[in-house]
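You will see subunit A twice below: alongside subunit B first, and alongside subunit C after that.
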Partner chain A sequence: MTTVFAPELEKAPGSNGSPGRPFHMLSLRVARLWGACADRAVPWVTGVFAVVPIAVLVAITVVLFHEALPAIRINGIGFLTRSRWDVGSGYGIPIKVHGVEMAPHTSYGAWPLILGTLESSALALVIAVPISVGAAIIVVEKLPPRLSRWAGICLEVLVGIPSVIYGLWGILTLGPFLSKHLAGIADHVPDVPVLRFFRGPTYGAEGLLVSGVVLGIMIIPIIASTSRDLIRQVPSSAKEGARALGMTDFEVVRKVIWPWTRSGIVGASVLGLGRALGETMAVAMTSGAVLGTTAHSIFSHMNTIAATIVSQLDSAFADGTGFEVKVLAELGLVLIVITLLCNFGAKLLLKRFGASAIAPAAMGN
Partner chain B sequence: MNTVQAKPVVAEVAVPASNPAVAGPELEVAGTTGALPKAMTVTGFTGAFSGKTIIEDISLELAEGSITAIVGPSGCGKSTFLRSLNRMNDRIPGWKCNGSVRFYDQDVYGQGVDLLSLRRRVGMVFQRPNPFPMSIEENVACGIKAHRLVPRSEVRRRVQDRLEEVGLWKAVHDRLHDSPFRLSGGQQQLLCLARSLAVSPDVLLLDEPTSSLDPISTEAVEQLLKELVPDITIVIVTHNLAQARRVADRVAFFMDGRLVETGTVQQIFEDPRRIETGQYVSGRIG
Partner chain C sequence: MTLVAATPHEKGVNRARTAGDTIMWLVCGLALAALVLPIIWIIGQVIARAIPHFRWSFLTQPTIGNGGGLSQAVLGTLVLMAMVGVIAGVTGVGAGIYLAEYARRRSAILLRGATEVLAGVPSIIVGYVGFTALAIGLKWKFSIWAAAIALTAIVIPYIAKTTELALRGVPGSFREGAEALGMRDILILRRISLRAASSGIITGLIMALAISVGETAPLLYTAFWSVHNPTFGLHNSPVGYLTYPIWTFYNYPVKSATYLATESAFFLVILVGALIIASRLVSRRLSRYMPLGQG
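And then the complex of A and B:
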């Protein structure tokens, strides 16, 4: 018991708040032992925490891959380029191809879904990034502190709105509004390459444009709140330096704030893109849920991978052979790959253009 | 001290004898040198943040081509005063001021003042080096480009001139496209000086420009300041009395938000007329 070296404590019984009783050496020993154990445990525990996200990603991919393997074998690489989506005759006698059972006359092609996913997400980014970054700059640089705090709270509330609400709003309000007011313009867009995509009948409340706009609005809070935090971190000394040089507010943004936050804002946009690529419910409600064709114009009905998985799930479970479920798993795998590719693409982009080569090392990568 | 004597700028004309130091309001006029035009004239200037008065009733004249050092204990309003000269306080919430600041014959706080061109002509260098997140060359060039001071083809030449002027050219000429954040603190501050000089200011305000620098860099900056006059009028806020002695022509002593005394270096350090000034320069207060 006395091996613990704490002479000053030994000599002062009662000084630890319990008058008259000798200092309890055991508690000190236990505390030290506990401390030593905790020190040893920290690298292990943090190591486990660090591995968990990677393990989850790997596990999901492996399970999906396993689930999708029969479909991958049957559909082949053509799955990515084919357009036709036919679940076949559910009442026919199932056929067997390479040992895999499926309904007769099936054809599964993911191309329109891949394209729809990319198109709607790209549209969302085009809408969301300028608005988000502009809003973030105004919130940090222009609004008085109290208003700026309120704007921040609003942004956070927006993140929390369920996507089904966005979907409802899209189909009940935004869709009819857009189709009504853009119809006149869409008719007059010249029929030349590129521009042709913005021409044609506006159909109704659903389609690529509505989905894209809804997605854009959904990811604005994500990009804006991240951008706001980044812009707040730009040292005020640099901004003051620019103002002291007689630069306009716009020049301060362009010369100081933008270079300082560029790489972070690209990161925030990728975060938003990830959300847009995977968004299911809002798109399922506003896309028009057409299968088998790509969008001819920005007003066309379309579909995305995520929306298709959820809307086809019922029919897939009704497929007695279970093949369609495997096809949906394959679709999920494609979506994961697209998301990962987008992430890597963004990283590559940053490296290529040396976004942060000039900015100080302290500002992330 | 001998450098001070050698300055062609500030004549040794003393404050009018009729203004005895004791009872008079603190605003005995600095540099009533008559002949020299005043780059800036401050009269009865008072400034407050959210109702709390920081500087009160300051009156000061800055003779063209002189170096004025502003000294005083921490929190006496030196920096606030300096920042009011080119309206850098305007953006700080709760800032209110009255009184007049004139830049030559222009009212700095007047209506319709073009803040951008005012700040080009009344530049500022800060306590800590604050390079912009762009290449070394671009740091110096951006102000020139923003104000379109020279044709594009001559920007490079101008950048080199300025970098040579501050003595940085040799060190950076082969890495103009590198990040300025890889330079040493002293080099970064010289770069910031070059950046401020690149837009051809008439007045340069320096807020403790050497307080984060090592002695050698400090000497480089001080040497540069001495070379810049009389083309540029310089105001330098400093905590370092020795520095004020080395570089300044005139010294203004601030305390508790008021301008206590101004005078030539010699007068302030050797023959101060106010007790507080004497105590401060001899190290007994502050």
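And then the complex of A and C:
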């Protein structure tokens, strides 16, 4: 504390501030001038830095749009609903459609990828939301500060674990584990309309279920830390009042905390959803990476937009016409639109709580 | 306490209500366990796969084809981390200072909105744009600078946000006191605000580094991969880093290649763990500049 309140007034840069030496008028003037310049300069310099995110955002949008434009013109709106993904014959003579060169017999459809992205993220939410909210409630309401600090560290670790390590764990450990233990159940699920989705061969270690679970674990810190901060905001007077009326813990949670935080927790979930939609490496490693088909069961191999971009980009360069690279940019645009819609939704829902749309998993304790 | 004796019906209701409590805490406890368990499982698996094949030569030898060591990748990751720390650190902290201290209401809304939107952009998009714009468009080819810029774009929003929040947490009385003493704005910023907020800022910065260390998607097509130690040329300076062998080698049919993947995972976990511990220590040390329990 003392350091903060040390009465350090302006010192002329020329003097060493020792008490015996008087300031020279000149050096005082230089100091004043320098200080005045610095006072003016700092807002400008930091202002330039503050514009960097906008500049980067504009650059990303412009580049992506510029790359995607030919593909958008060729593929049209049907890109979103078609299913076939055929890079065409690389050995054939390239054809020209509307002035854009491409390999013959190409067909690009994003529907299975859009669906895969939504399905895996939805599964992630189903797993992450109950875990996050439950953990947040017990951390705020029950655990002593010491233990809740440890829970905070756990969230930081979950944020810090690289996504390739989640992928590696998913493919080497979780995938085999799930397929071994669920195979027996999955074979006996009745073949009726909704349950059919949970039936069928488990296909080994890769697929929708593994990707969904891994994604779910990855977005827990976002949802849990935001929910925790929201639950902490519930005024203690409301909780104490409820207890004074004889409410049990469960009733306090259901009748005081839940109504207070509901919309914020939905916002936090949407924020997590946005992260799950754009997650790349873990899904690329655990999805089974099929192109052109939609998942018919929860164990099916699938693919998402982000995973397709990362796994197809280098082979896209084998396409001498460069058309597939442009298609991937179009995919990227689709992804960015979905993600941003999500984030805007989350921001609207979280606005009332003053929570940020940048997941503050590592802030505070 | 009860003045009127409870009827049997009321007793039943009360028992149901306390049972509700027990069930809720049980479910919440299970949720917390479900949060902690994967961490232990994941890290335990990484360690269990890495330890049996660990040799010190992984740290001293470079990668040879799909075997050898990982020295150049360890070095590359550390170098990239340092570059991101400087570039993104200066830019992000600067942006955070502006947002917290100088921005007017309307421009703050715009700048903050852009920062949040940028935070939501998936990392593979940043990788794609880094590749098409920097490596191809500007003809840098694979370049360590392209990689550092891509990583910077990913962590800037995070650093800016943590800085802004930390500065907003500094009590107004600190500023007012300094102003009353006649301190210049710049000195108040440097000696009072930034110092009081230093715990939050540095914690955010270190966590941003931990995130950047674990990124793969933006690096694959900007840094690519190299078996040589990093060079700093703007053009054609591919660089090795630790996440690459995991993604590329984990399913190779050659043992030496899968060892590269598992050892990389091991080193990454150690590095990220060290960063998290560092952020904790730093925040504990620096939080003495903040009043009672903040920071």
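One rule holds in what follows: the second predicted complex is superposed on the first by the 280 of 365 C-alpha atoms of A that agree within 3 Å, B and C clash if a C-alpha of one lies under 4 Å from a C-alpha of the other, contacts with A are read in each partner's own complex, and residues count from 1 in each chain.
Methods note: contacts are C-beta pairs under 8 Å (C-beta built on N, C-alpha and C of every residue); 3 or more make two chains touch, one makes a residue touch a chain.
Treat the numbers as computed from the prediction; the structure is a model and nothing was measured.
Residue contacts after overlaying the shared chain place A:L335 against subunit C, while subunit B stays out of touching range. When the two structures are aligned on the shared chain, A:K347 is found in touch with subunit C, with no touch to subunit B.
Within the superposed three-chain arrangement, the count of touched residues of subunit A is higher for C, of the candidates subunit B and subunit C.
In the superposition on chain A, contact is made by A:L277 with subunit C only, not with subunit B. Shared-chain residue A:R243: touches subunit B; no touch with subunit C. Once chain A of one complex is fitted onto chain A of the other, the partner contacts of A:P193 are absent, as it touches neither subunit B nor subunit C. Touch criterion not met for A:G99: it reaches neither subunit B nor subunit C. Applying the stated contact rule after C-alpha superposition, one finds that A:V139 touches subunit C and leaves subunit B untouched. With both structures placed on the common chain, the touch criterion links A:F49 to subunit C but leaves subunit B unconnected.
The intersection of subunit A residues touching subunit B with those touching subunit C, taken from the two complexes, comprises 248, 251, 357-360, 363. Within the complex, the subunit A residues that touch subunit C are 1, 3-10, 35, 38-39, 42-43, 45-54, 56-57, 59-60, 63-64, 67, 130-135, 137-139, 142, 151, 153-169, 171-173, 217, 220, 224, 248-251, 253, 274, 277-281, 284-285, 306, 309-310, 313-314, 325, 328-329, 332, 335-336, 339-340, 342-343, 347, 356-360, 362-363.
Only residues 17-18, 20-21, 23-25, 27-32, 34-36, 38-39, 41-43, 45-46, 49, 90-95, 97-99, 101-103, 110-111, 114-129, 131-133, 137, 153, 156-158, 160-162, 165, 174, 177, 181-187, 189, 191-192, 195-196, 200, 203-204, 207, 210-211, 213-217, 220-221, 243, 246-247, 250-251, 261-262, 265, 268-269, 272-273, 275-276, 279-280, 288-289, 291 of subunit C touch subunit A when the two sit together in their complex. Listing the residues of subunit B that touch subunit A in their complex gives 86, 88, 91, 93, 115-120, 123-124, 126, 128, 130-135, 142-143, 146-147, 179-181, 192, 195-196, 199.
Contact residues of subunit A toward subunit B in the complex are 144-145, 235, 237-238, 240-248, 251, 255-256, 259-260, 357-361, 363.
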